[in-house]
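For reference, chains read A, B, C and D in written order, and residue numbers begin at 1 within each chain.
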Amino acid sequence: MKFLTLFGILFLIIQGGSLYSEIVVEDVPNDAGEALMITWDLPDDVGNISMYRIYRLDPGAEDYILVGKVENPNVNVFVDHDPRYPLHAGTEFVYKIVPVDFSQNEVESLGTSLAVSPVAQLFNFNKVNSLIATLFVFAALIFFLNYAKTGKGLFIRKIAGLDALDEAVGRATEMGKPVLYVPGLSTMSDVATIASINILGPVAKKVAEYETKILVPNRDPIVYTIVHEVVKESYLEAGRPDAFDTDQVFFVSQQQFAFVAAVNGLMMREKPATNLFLGMFWAESLLMAETGNITGAIQIAGTDSVTQLPFFITACDYTLIGEELYAASAYLSRDPILVGSVKAQDLEKAIILFLMIACSIISLIAVLAFNTYAFNQVISAIFSF
Amino acid sequence: MLFKRTLPLLVVFVLGIAMMIQYFIPHPISQSFKEGADNWIRIIGAFAIVLGLASFFHVHTRKIMRKNKDSIFSVVAIVSLIGMALIGILGKDGLDNWLFSNLYSYIIVPLDATMFSLLSFYIASAAFKAFKARNAMAFALLVTAIIVMLGRVSFGSFLNGLVEWIMVYPNTAAQRGILIGIGLGIIATSLKIILGIERSYLGGE
Amino acid sequence: MSISTNLWVWLAAFLTLTIYSFLYKDNIMYKFAEHLFVGASVGWSIAIIWHLTVFQYIIDPIKEAVLNKDVLGFILVLVPTIIGLMYFSRFSRSKGWIARWPIAVTMGYYTGISITPSIETNIFKQVEGTILTSFNPGSLGSWWALLLLVGVVTTLFYFFFSVKHAGFVGRTAKVGIWFVMIAFGASFGYTVMARVSLLIGRIQFLLHDWLGIIK
Amino acid sequence: MMKFWLFLERLDRRWIYLAIGLSVIIPLIFPFNSPTTITPPTVNLWNYIDSLAETGKPLMVITDYAPSTSPELDPMSRAVIRHALEKDIPIIIYGGLYPQGFGMSQRVEQYVIDEMNHKKVNGDTIIYGEDWVLLPFIPGATAVIMGMGDDFHRTSPEDARGNSLSDLEVTKDVRRLGDIGLIVDISGSSLPRLWLQYATTRYGVPVGVGTTAVSAAEYYAFLQTGQFVGMMGGMKGAAEYEQLNEDLIEVKVRRVASIAMDAQNAVHIFIIIIVILGNISFFVMKKNKARRF
């Protein structure tokens, strides 16, 4: 259909636009077939026109319906994409453009278009950049997973907050007090929650080995279900399945501040020696961390919530900033495969750095030396969607 | 083993890849697949609350059984839960029931807002206790915080330009750096889950 | 203006004060309010899930499918309902693993949809905004844009994990940490006002709606 | 002196809590009218609204917020509505695209009417329908803006009290969104951008914004490009608007935002002082320890 319209346009160009009506309807690409673009030639008496009304004839309908208007007489393009008058892929629509003069009367129509149907695409070409990036990330991960199997290059730089985990759990053991672990306040939809669960496994195992108690309050019931299994499993791995008390991991409330009220109360009453806040947090970050300060607990936090990082940094002893939270499971386990994935992340970072610097230099050279903004358009074409 | 581990991992893989691919396909079939998946997740998630409730009742009945001075509060929690739920479910007009909405507006809303407002006390005490110029970087943090706070009060408007500059340049720069790192972390963690490399969430064998 | 005669307002005021009493120390009034809050909020969520999810997404669609003899529609609601019910296997000691199925569906869904948006909003958008597209040595703005680029680059260096933070990498990452600290100080100072507004709101409630001292 | 620093070093948090509580309560009961420096975004908004008096076009005030942000945003709605009523600019009060906003607009309306009717200067009272109109909640999200853009009366045939819009003085000539002089969206969310995108870009109605202190940062970019005619940012913005009302058109009422600003100033200054004192004590103690060992 698209080709037909293209031929139509070519035909009109060859004919000088005189034979048929000059209204061209084209499919808007890269969508679900929900939009059409209509263009028309401006009439000779533009000076007498105040606006255009765009009418559409739907298949099976008897009358044209008004789908929109263009209030500038010098504009000759309209995109029909209005949820009130939806278009459907595969059905044909006919358009009519009617100019309106300054006394609000409709004058003679500019004619009608050919019947055109919108097309639903199987691939959105505007997103080809995201696709390439996704494929690249995939490839990098798989490459480094295989590389990791050779056992080479397992170095990870020091992450102070994670080194302190051992000491923090040890302190709780010495004091005979529990460890409090809050796996964030979000659901599984935040990948930070998954990262936190990956850290919880080794931490719970260590706690079980030290014969200490771990308390894990939960806000989301699905997270609760998963966390419960993870902690139970860790006790099993540590060889102390009988020490696991099912109420150690519990559900509190889905209401954000009700959860905080309960956790703050718990901190005041149980006085955990160590508080670990890892995952996704919102405004409650400081409410919990300050209460933990009052009870004198050693606190380690980690989140990818940029707005809450400043509060954790001020109120906790150690804070994992953003990506450090995601690198934690590799750091703690030193599992070659997980370390490999951290290496893949580093490669991606290096490429991003290179792109940022190289694009800046090239576009500056282009602008300053050759006075052209062409490269800037290339950049925005690459990174926008 | 097949049903306990292999097939669930396969489900994660297939669904993960499918959700990724649908993002690139604007066709209505792909759109309705996404809508269907959204609905499924909503329905499946609704059942998990029952496990949450079981945990809630288990914890609190045990506290009541223990019969110490705090047992009474567990009674409060259970009674208010059951009361609120019954009024909301059985009450006339459903969620618009006057008692249900009054309980919401005069119990939950003020408690929520007051808990939230505790932050204004804690933000002050955290600043006092933690903003100490222990080293050059801590000094940088506390000086910026003071400048920005001064710029926000009525007679600090001479600092407006500086505050805006801090927010727009150094602040944005650091946030961008952190955000890019987080993006890579999210992608890597998601891929590890999809590929079955990280599987601790499934529990043991 | 005078003291409120509405009992509901008195209840809200009482609860507000019990929460503030926690600032002094943990006490029985706070414990009461805390447990009331937790219980009532879970009860509230249940009512909401009952009306909005159970009815809107399960019971009504099933009814509709049965009435219209729509087999596909029926199956499309029934299957997730069965998967959801699998969570209940956790109540059994030996069949607990069945709950892995709904968990697997949830994990697959969320990890699958998180990847591409992260590429776009966390990476592409941030990179595009950072690249220098023009530079005019006479304009201050250009130098600030350059500073922004330096800030992003150095901050990213801090997140290199598989390289030792020594020498060039170490020094660059250190500059990045400076940017991070300044940013954190700024956001901290910037947020104070919003938090104090919340307290003002509560105090206005107490003094105006409840006690009627202020207009 | 040493004792003082030692006291500070070991200061119990509860003294700080008490001081913060008092810094808020005292100014609310006994306002001390701290000076307000007026910034360009607020002046621009004020001037634009003021100039509507000459065109006779109505002003639409949208209360797009929920109770949680009302301490910051209510004073803005009140100040803007006061301004328009004083200058006889017809006002359409609208709760915005979400149901919660309607409750907010009702509350603000009631407050301003009470205040105006108490005053009764020159026996000049305000009349519903001639001076202002309250719109009901209309479901349909973005489609509502587009509907208003094409045909205002068809999208919202009646006001919140059941009168037909074509019978009311304020709205009878408002056939479409383009007949409105200015939209002021008061919101803590990203909704003002939606109004900008549709109302300004599609229908050519200028938009001004009132927003929370936190969101204000992201709107500066839009002000610089001139997409918004002006902005009130946070309580301070509202206080500035109240100041302009008082200075330029002599509105003398209780200045809610200015009073809240007193509390804000007190708390901010208090935090700055204790942080500085805390650092001095930190260094004095450190020096002292060094000397002792």
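One rule holds for everything that comes next: a contact is a pair of C-beta atoms (placed from the backbone, for glycine too) under 8 Å apart; a residue touches a chain by one contact, two chains touch by 3 or more.
None of the values given here were measured: they were computed from a predicted structure.
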Could you name all chains that are in contact with subunit B and with subunit D at the same time?
-> A, C
Of the other chains, whose C-alpha centre is the longest way from the centre of subunit A?
-> D
Taking the mean of all protein CA atoms as the centre, name the chain whose own CA mean is closest to it.
-> C
In terms of C-beta pairs in contact, which two chains are most connected?
-> B-C
In whole angstrom, what separates the CA-based centres of subunit A and subunit C?
-> 14
Just give me the whole-number Å value for how far the CA centre of subunit A lies from that of subunit D.
-> 32
Using mean C-alpha positions as chain centres, tell me how far subunit B is from subunit C in Å, no decimals.
-> 4
Residue list for subunit B, restricted to those that touch at least two other chains | 20, 23-24, 45, 48-53, 56, 108-109, 111-113, 115-116, 118-121, 123, 125, 127, 129, 131, 141-142, 145-146, 149, 152, 167-168, 175, 178-182, 184, 186-187, 189-191, 193, 201-203
Taking each residue of subunit C in turn, which ones touch at least two of the other chains?
-> 19-20, 22-23, 31, 33-34, 37-38, 40-42, 44-45, 87, 90, 103, 106-107, 110-111, 114-116, 119, 123, 127, 130, 149, 152-153, 156, 159, 180, 183-185, 187-188, 190-193, 196, 198-199, 201
Two or more partner chains touched - positions in subunit D | 13, 17, 20-21, 24, 68, 213, 217, 236, 264, 267-268, 271
Should the pattern of chain-chain touching be classed as line, ring, star, complete or other?
-> complete
Subunit D touches which residues of subunit A in the complex?
-> 82-84, 294
Spell out the residues on subunit C that touch subunit A in their complex, using ranges where they run on.
-> 19, 22, 25-26, 30-31, 33-34, 37-38, 40-42, 44-45, 87, 90, 96, 99, 103, 106-107, 110-111, 114-116, 119-120, 123-125, 127-128, 130-135, 149, 152-153, 156-157, 159-165, 180, 183-185, 187-188, 191
Sites on subunit A touched by subunit C in the complex = 127, 129-130, 133-134, 137, 153, 155-159, 188-189, 191, 194, 222, 225-226, 228-229, 252-255, 257-259, 261-262, 264-265, 268-269, 307, 309-311, 313-314, 321-324, 327, 331, 339, 342-343, 345-346, 349-350, 352-353, 355-357, 359-360, 363-364, 367-368, 373, 376, 379-380, 383-385
Subunit C residues touching subunit B - in the complex, by the definition given at the top | 8-9, 11-13, 15-16, 19-20, 22-23, 31-51, 53-54, 57-58, 76-77, 79-81, 83-85, 87-88, 90-91, 97, 100-119, 121-123, 126-127, 129-130, 144, 147-156, 158-159, 176-193, 195-196, 198-199, 201-202, 205
What residues of subunit C sit close enough to touch subunit D in their complex?
-> 20, 23-24, 190-194, 196-201, 203-204, 207, 213-215
